[in-house]
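The next block holds one structure in the form of structure tokens; read it before the comments.
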């Protein structure tokens, strides 16, 4: 494999990128100035150095002022509501929720969804880390509710169910409520074109 | 205007049909057999004769066995739960809800949505008919809840608000609850790409 | 089947219309005034009466002023260039070509394309009528060229080939040229995303 | 700007990538192993070192075996037909044409298209380098034809016209023909939906 093919293979792993666009990226980089490529190259190399994964929520965050902190600014913020913990699949879900400014509690990144057919799920998602986190947060911090916040898809539904089963013992022990994001009509939904599940949820959750 | 142009104009009013497809419909009809066109022509003519608009819910329904009934089979069905009344915009919304088999109560077709900027709304939607219907259904039939079931769009939201204001007096008088379909994540919704309103509703309606 | 289902079935045969849109058409017609439906119904019935199929080119055309003509206005027009005859699949192709105002000769509607795997093709397309037409036009009218104008698809290519074989004898007898529409880059084509056949044709037909 | 924002800005310049996907790329890289990112980083850095721009055709190519060659393998290949020179906009157009295996001559990368309204075009495209190339290739190599191969768009058409004007003198001097890729129906084109220009070209280029 020559360097064009190697780079094409790597870009193909980028989210949403197919062979053709991966190759366009390579030709794009060939036509750039040396300075542009050097800048991109060194930023990619620095990313891991300037970014740390939070020991509390497993979120990636930028290390500020060379501080040797291992806790992200949300987990370190004393004003964040520590009575609720929202469990999301990935960083970009957290960013989306954070941006909406409707939630003011803590987060936990599960690191993936649980496939519907899967034997060894523990290796994939951070369910053990989540249990430990709940135990730690329960007593002193007064954690009262876990909010499961997964996408509405077969995998998302399965992960919701899986998490409820796995967290049953620890949440019962500390008397913590488990809830899931509300389902129903989302912005732009037209009744006429809604699927049965959405109509069922919309009816059940009417208010 | 020749007949091709006249028919094109009419087909252009069909939902979702532009000039080009309207014209294709005309050429399609020209190439059909005479029998096909005669059949279509007479079915269109018969449609109004074989279909009646229900005096109770304003839904269109097929008149069975030449009965002179003015009430559709849902309104006439004694097993339908008459304690709830779902208000929808149009017939196809009702059909969609009916098909999902999750709702077993009565319906009312409002006949449209209330535009956000609009002076004379009464002429457009059947709000007076709805008030009258509620008064009638309230005492003997034991109507207990009105479910507003509009699409999640500026017009849908506006109509929800408008209906709540207009129905305030009659529902308070008869102690009838007003609810709206639940909002939140609908099937296929990905957290990462959700708008703020949907996230807010999903969080508020968590359970 | 009730009338709603019957009409839905018919609308489903309209070009490009699926079950859901077919049903929307029926609900649309139910909500229209009686006058609208009567007008549509009678126009559909009149279509076949006011439209005739040209005996020369098999095109559908509007019969003007109750004249008992069997020849369309293109075939009847003495200023149309009768030295060229363009063979197209269907009426809408002819309309598109006519609208572009780049061609000033005669037309012939073949009435379909020849499927790649098909035993009894003659029954489907008007190849015998075309042969007869060519014989008739050859001597007195001075027909010099047949232009095959089919879409660039497997069926279109197959029909082009089929027509060339079938017309070989009659065109050789009368010394008539057979040509096909030029292939190459069409408006909006980007070189980067072109298929091999288009590139081959574009290169071959460079000028 | 933190490193996430900086990288997002750079990825936004990649062809076809918007803000949202650019950010997803950054989160994707954060979640990768250090080895993956180091590999990507060093490949991007090496790209310019392992790739050279051909002095003859301005195409990017991989330097094989550390040879200090400045000529790509197409330009260096004695079996390539040097009597034709195809002028394309960019590397990916050349790759597409090369892959189709229908052309066996030389290439020249113009480096862009000429905008319809533009004062200083020379700085953008390699028209001077092309003229020089033609002069050099004309006598000894026996260059006989220049094929202009631009996309069918206002800019592509304008560049075709611009190149013809600019190359007039040098091609007349050496008696070299200028042609452009053939226009007409491309694969998948349906007559019914074709624009006037495509129909005009298809008719003109019939054969």
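Order of writing sets the chain letters: A, B, C and D. Residues in each chain are counted from 1.
Following the convention adopted for this analysis, contacts are C-beta pairs under 8 Å (C-beta built on N, C-alpha and C of every residue); 3 or more make two chains touch, one makes a residue touch a chain.
The structure presented is a predicted model; accordingly, all values stated were derived computationally and were not measured.
S.K.: Taking all residue numbers at the chain B to chain C contact, is the shared part over half or under half, that is, same or different?
M.R.: Both copies, chain B as well as chain C, present the same residues to each other, with over half of the numbers appearing on both sides.
S.K.: Which one of the chains is farthest from chain D, going by Cα centres?
M.R.: Between chain D and every other chain, the largest centroid distance is to B.
S.K.: How many angstrom between the C-alpha centroids of chain B and chain A?
M.R.: It comes to 39 Å between the two C-alpha centres.
S.K.: Taking the mean of the CA coordinates per chain, how far is chain B from chain D in Å?
M.R.: 55
S.K.: So which bits of chain D are touching at least two other chains?
M.R.: Chain D, residues with two or more chain partners: 90, 92, 95.
S.K.: Residue numbers of chain D touching chain C in their complex, please.
M.R.: That would be residues 88-90, 92-93, 95-97, 99-103, 147, 149-153, 179-207 of chain D.
S.K.: Provide the residue numbers of chain A that touch chain D in the complex, in ascending order.
M.R.: Listed in rising order, the residues are 2-4, 6-7, 10, 14-16, 21, 23-31, 34, 36-48, 50-51, 60, 62, 90-92, 95.
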